[in-house]
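This is the structure I have questions about; it appears just below.
By written order: A, B, C, D and E. Residues from 1 in each chain.
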Amino acid sequence: ERITVAAAADLKFAMDEIVAAFQRQHPADEVTAIYGSSGKFYTQLQQGAPYDLFFSADITYPRELAKAGLAGSPVQAYATGRLVLWSPTPDVVRRGLTGLLDAAVTRIAIANPRHAPYGRRAEEALKAAGVWSQVQGKLVLGENIAQTAQIVQTGNAQAGLIALSLALSPELTRSGQHQLLPAALHAPLEQAFVVTQKGAAQPAALRFAAFMGTAAASAVLARWGFEPPTAAAVRRTQ
Amino acid sequence: MSVPAIEARLHLPWPGFTLDVDLRLPGRGVTALFGHSGSGKTTLLRCIAGLERAPGARVVFQGEVWQDGATWLPTHRRPLGYVFQEASLFPHLSVAGNLRYGLKRAGADDSALQQAIALLGIGHLLERRPDRLSGGERQRVGIARALALRPRVLLMDEPLAALDHARKKEILPYLERLRDELDIPILYVSHSPDEVARLADHLVVLADGRVQAEGPLAETLTRLDGPLRLGEDAGVVLAGTLAERDEAWHLVRIDFPGGHLWTRDPGLPLGKAVRVRVLARDVSLARQPPWSSSIQNVLPGVVDALAADEHPGVALVRVVVGDEDAGHATLLARVTRRSAASLGLEPGTPVWVQIKSVALLEG
Amino acid sequence: MSVPAIEARLHLPWPGFTLDVDLRLPGRGVTALFGHSGSGKTTLLRCIAGLERAPGARVVFQGEVWQDGATWLPTHRRPLGYVFQEASLFPHLSVAGNLRYGLKRAGADDSALQQAIALLGIGHLLERRPDRLSGGERQRVGIARALALRPRVLLMDEPLAALDHARKKEILPYLERLRDELDIPILYVSHSPDEVARLADHLVVLADGRVQAEGPLAETLTRLDGPLRLGEDAGVVLAGTLAERDEAWHLVRIDFPGGHLWTRDPGLPLGKAVRVRVLARDVSLARQPPWSSSIQNVLPGVVDALAADEHPGVALVRVVVGDEDAGHATLLARVTRRSAASLGLEPGTPVWVQIKSVALLEG
Amino acid sequence: MLSADDWQALALTLRLAAVVTAILFLLATPLAWWLARSRWRWKGVVTAVVALPLVLPPSVLGFYLLIALGPQGPVGQLTESLGLGRLPFSFWGLVLASVVYSLPFMVQPLHNAFEAIGERPLEVAATLRASPLDAFFSVALPLAGPGFLTGGILTFAHTVGEFGVVLMIGGNIPGVTRVVSVQIYDHVEALAYADAHRLSAVMLVFSFLVLLAVYGWRGRPAAKGAM
Amino acid sequence: MLSADDWQALALTLRLAAVVTAILFLLATPLAWWLARSRWRWKGVVTAVVALPLVLPPSVLGFYLLIALGPQGPVGQLTESLGLGRLPFSFWGLVLASVVYSLPFMVQPLHNAFEAIGERPLEVAATLRASPLDAFFSVALPLAGPGFLTGGILTFAHTVGEFGVVLMIGGNIPGVTRVVSVQIYDHVEALAYADAHRLSAVMLVFSFLVLLAVYGWRGRPAAKGAM
């Protein structure tokens, strides 16, 4: 049985491993994971996209889907993302968010706050650090968090606020360093998924949803820097 | 005009030029369209072919209505052959491709094409692309392409203008044969009085989009007052028969109502009907019978009328030759006014008509 | 050929055709290029203009090397005027735009253009777009466009082919004046022996890309054996002067070495040098002086040579007129062989040469 | 060198581009012909409408197509009532979107090419008994050759290079809608640059060879003129 | 009706498209001329190279431009050593990317148009004393009119509609690189469909009017022919 999982860009590395683990347990199932911005998947699902599960980088999109009657399962929180300050220059990383005011830092990459959950949290963090208005002129916006990572990774921005899960990737660890931003600087990145209407009819989709609750899945998520879902998120999804 | 005719009533107003004609052309033979540059010859042909759509016009060909009121037969259904003024070959086809283009479509077989290729001397060009041809070569391919269709009427817009005399001399008899054997009417635009006199049975003179003169060739040519000033080429055409052959000297005698003429042997069988063209410039007049002159043809006649020619020093004299029994023929002579006076020429004067040379036209 | 000449040594091999000429043309007057369709006339003009690049060729114009070895003067720096075989007007410019295109670039003023516009009768077309012109109108615009530049040499590729006689008659004298007044050489491709005889001083006959005959017009025309078969248009051109005027009869007498001829008054001043063309077909021979004939011009002469003409029934006779004092002239007569025999014509026979008509060419 | 996924994406891309180009040849040819020859007074409006897809950013076009073809959209309801199912996220949905998206790239060159032919060749064909349809095929089409070449290349390439529309309406489904452009983008986003480079290189070399073959074959053009 | 941001994006888009079109007129004209007239044996290779940007998906092109123009890239090091700073995420970076991206859309129609002129008009111009350069401006350019129109429209529109490249290399900076296509996309992703519809509608109507003006002005083409 084949199923398609649409996953937020920050899940790129974690989800690949989860899928591999799942398939080891269910050799008959074939899972294809595709990655992109949560907002685009939401738009597509509204128009009947043939995805069986939707892993968002937040909790709002899945809830909206459920509200529209397009979900085939309850919304389930699966992780809490973390934001890091990443830069190829160790000095910038060391000095933290206030260091971004430095004249040597001319460009800072964040995801687009209007529709990328990581972007919204980045904006909150910069505001909380009191530098938002000063750094606004330096901001370049990625369409999603993976593209944001790629902007800094290629050196086109001296610093970026990206997902910890991406910062842990071999490419990024090799080419720069990161500093975890205190969780208190922004609202938690509550991430949730739903099985879609189409997926509800696919036993494999339900099996995959169930697999997310296993320790194996949680271990992978933890290894890629995701924290367990917050109590509030779990509450809201029930 | 006993045979069904071509009827064309056209009115086409353009800024600066209006075509306005009402013509009935004979259903066989060559009709020459004559007229200054810009007088509307091409436009007339295009209207007849259906390439130009004159609203309210009427075009009838041998009883078939091609255009009238709501009736409109599109060009490709009109059984015509058209030679454009500028040889318009398809640039994407070879010469052979151009020649064969119409064959299947017109349901014609290969024979007319092969004949046309041989006649027009384009056999060695068949594989060529049109942009590698000389001007005259292009024109010849254009002519062959139209002839290959075996059309029921030929519209030719200055087809020979780009060709040399030798080539013309080869093609003209072929067109004559076409006219006679296929019995199809030909509308022929030409600036060459030579070609016209040779080919045409009927003449239409256009000026400024209107018909200025029209009629059978013989009539139109002997009109002394006509608007048709052929200048050096004024003359008459006589219809006769090949009556005798002088093998030794390669000459033939042609009898016509009113007399006979000796001319070079064209190699045609005795008894054949032929036309001879006698130019006014080749005719001199004398009051006494000349002798021991190289001029072979001398006929007795009577002056019929005199008229001014284009130049004040010259006159055109119309002379009638023949008698009650043999019939009559009219000839034109161009003489200086001084000679006319010194010879005392006036209507009724008996004269000897000396004809220096005669052009024999077949058919 | 005392004046600096045009020198053209060209070798251009194409598949199926090779141009191979080595010409020295007079630096003034009209050189007619004659030859069958496809004989290389256009190609020759194009090489001289620099539109076709024959490697290794040599083209020199009045001492200026236009092409030789590494030397190559691009077309736009050659002070020539070119009339294309197909009137090639710029489709994006009006007639006026086409005419003015070269003016500034050649540094010419308006006067030549105005003259050309008037002469070619295209004043009413100036605002027109080229695709709204008739074939002849396009050609005339093309001629005017080249003339407006006041070029130092004119290359004309069948410029008058699309025009009617009346129009030609208007343009030819203008070209003659150009030739004489501007003193520029003109290379003139034409299929019309009429035009050639009238305009040309020098003749080049091409066949298959090679020069078949070449020389001053008068010489080339009286060569009985020449490869140049003018057919109906065989004849000679005599140079003379306008010596007397007969006001009453609108005639003039033209004296030339060897005799005189009466012809229509062209309206030129007495004493002017003129050329007259006498076609072989207009000349008859007699053993006795004719009298009371409308033929005005009768000269005594002696048969010089006889040659076969194109038709076995006809002969071309070369006759010398004049004497020790007055000088000599050569004339051609076309007579039937039967007449030649009955008159006993052979070299040395004294004859009366009757000339029926004469074409007066200016200059 | 390439993964099976990469090859699949390549094959899919070629298939998509070929189908779209073929459909557009059929669709755009009569349209361009009509545009080039009609004298209808509102022709300008039609020309402008045909050119409109040009200015729509692919993502926007994709969005509107998604809405139109989706279950609530007019086209979507039509296709469903016809039993064709839903087009978004299917190969034929991509085809439809690409046809709309690339329409002007086919129409414009053809329009120009047809216009450049002029009246005369068609008049000649008519005097040689060719009906207008016949003349269209035997004269206009061959003479418009360079236009067809350009239109075909622009369309094919444009479809191969398409990204925004596919991303929106294709949904990135392997073997169905995951074309090369999307696959490379995925490699990039996954920071798998080496994979991206390899696939890009293969595509580049392949495209280059195709273009070279086309332009090499085209050779020296016929010397025709505007006069 | 539109927000200030929307207007800013619109203005920026028009400016970008106008600059790119102008640059490409200057760049592509000599290139297309050379392609149409040269008889160099490797011309086919150049033609193919010029057409290559066609097949590169915009996102991929954007990615490679990002690398090339970035601090480690060859162009980036050049621009920095010239004191021009870095191009990515700047207006001129967008211009550069768009020029590369749209090059074939300008070159192809011009190439066809120049080729269709043929030799004759230029020969005539030469006999009328026009130097090759002069003839180019006074004869070839006017005769290639429809090609310029098509090239201009394709380029302008293609730049207006560009998305993938801008996404990669633009960085979505308001007033600098946030063009309309990105702005609409943002509206869509932010689920602000009403905003997206409004901006799309304004852009559509505006583009339609521009195209209508252009094609209306163009009117009936001159009757020229291939014969």
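In this section, contacts are C-beta pairs under 8 Å (C-beta built on N, C-alpha and C of every residue); 3 or more make two chains touch, one makes a residue touch a chain.
Heads up on the chains, UniProt names are B, C = Molybdenum import ATP-binding protein ModC; D, E = Molybdenum transport system permease.
Every value quoted in this text rests on a predicted model; they were computed, and no experiment measured them.
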- Note on the structure: Maximum distance between Cα centroids and chain E occurs for chain B
- Chain at maximum distance from chain D, centres defined as averaged CA atoms: C
- Message: Centroid from C-alpha atoms only, then distance chain B to chain D, rounded to Å. What do you get?
- Response: 57
- Item | Chain centre separation in whole Å, for chain E relative to chain D (CA means) | 18
- Query: Any idea how many Å lie between the Cα centroids of chain B and chain E?
  - Reply: 61
- Item | Of all residues in chain B, the ones touching two or more other chains | 86, 88, 90-91
- Note the residues in chain E that touch 2 or more other chains, in rising order. 63, 120-121, 124, 143, 185, 188, 223-224, 226-227
- Message: Please output the residue numbers of chain A that touch at least 2 other chains, ranges allowed.
- Response: 40, 43, 147, 150
- Provide the residue numbers of chain A that touch chain E in the complex, in ascending order. 37, 39-40, 42-43, 64, 107, 109, 112, 114-116, 139-143, 147, 150-151, 154-157
- Quick one: which bits of chain E touch chain A in the complex? Just the residue numbers, please. 63, 66-67, 69-72, 86, 88-89, 167-168, 171-173, 185-186, 188-191
- If you look only at chain A, which of its residues touch chain D in the complex? 4, 9, 12-13, 32, 34-36, 40, 43-44, 46-51, 144, 146-147, 149-150, 153, 166, 169, 171-172
- Counting only contacts in the complex, chain C reaches chain E at residues 49-51, 74-77, 80-82, 84, 88, 90-92, 101-102, 105-106, 129, 131, 145-146, 149
- Query: Where on chain D is chain E touching in the complex?
  - Reply: 36, 39, 44-45, 47-49, 51-52, 54-61, 63-64, 104-105, 108-109, 111-113, 115-121, 124, 143, 146-147, 150, 153-154, 157-158, 160-164, 180-182, 184-185, 188, 196, 200, 203-204, 207-208, 211-212, 214-216, 218, 220-221, 223-227
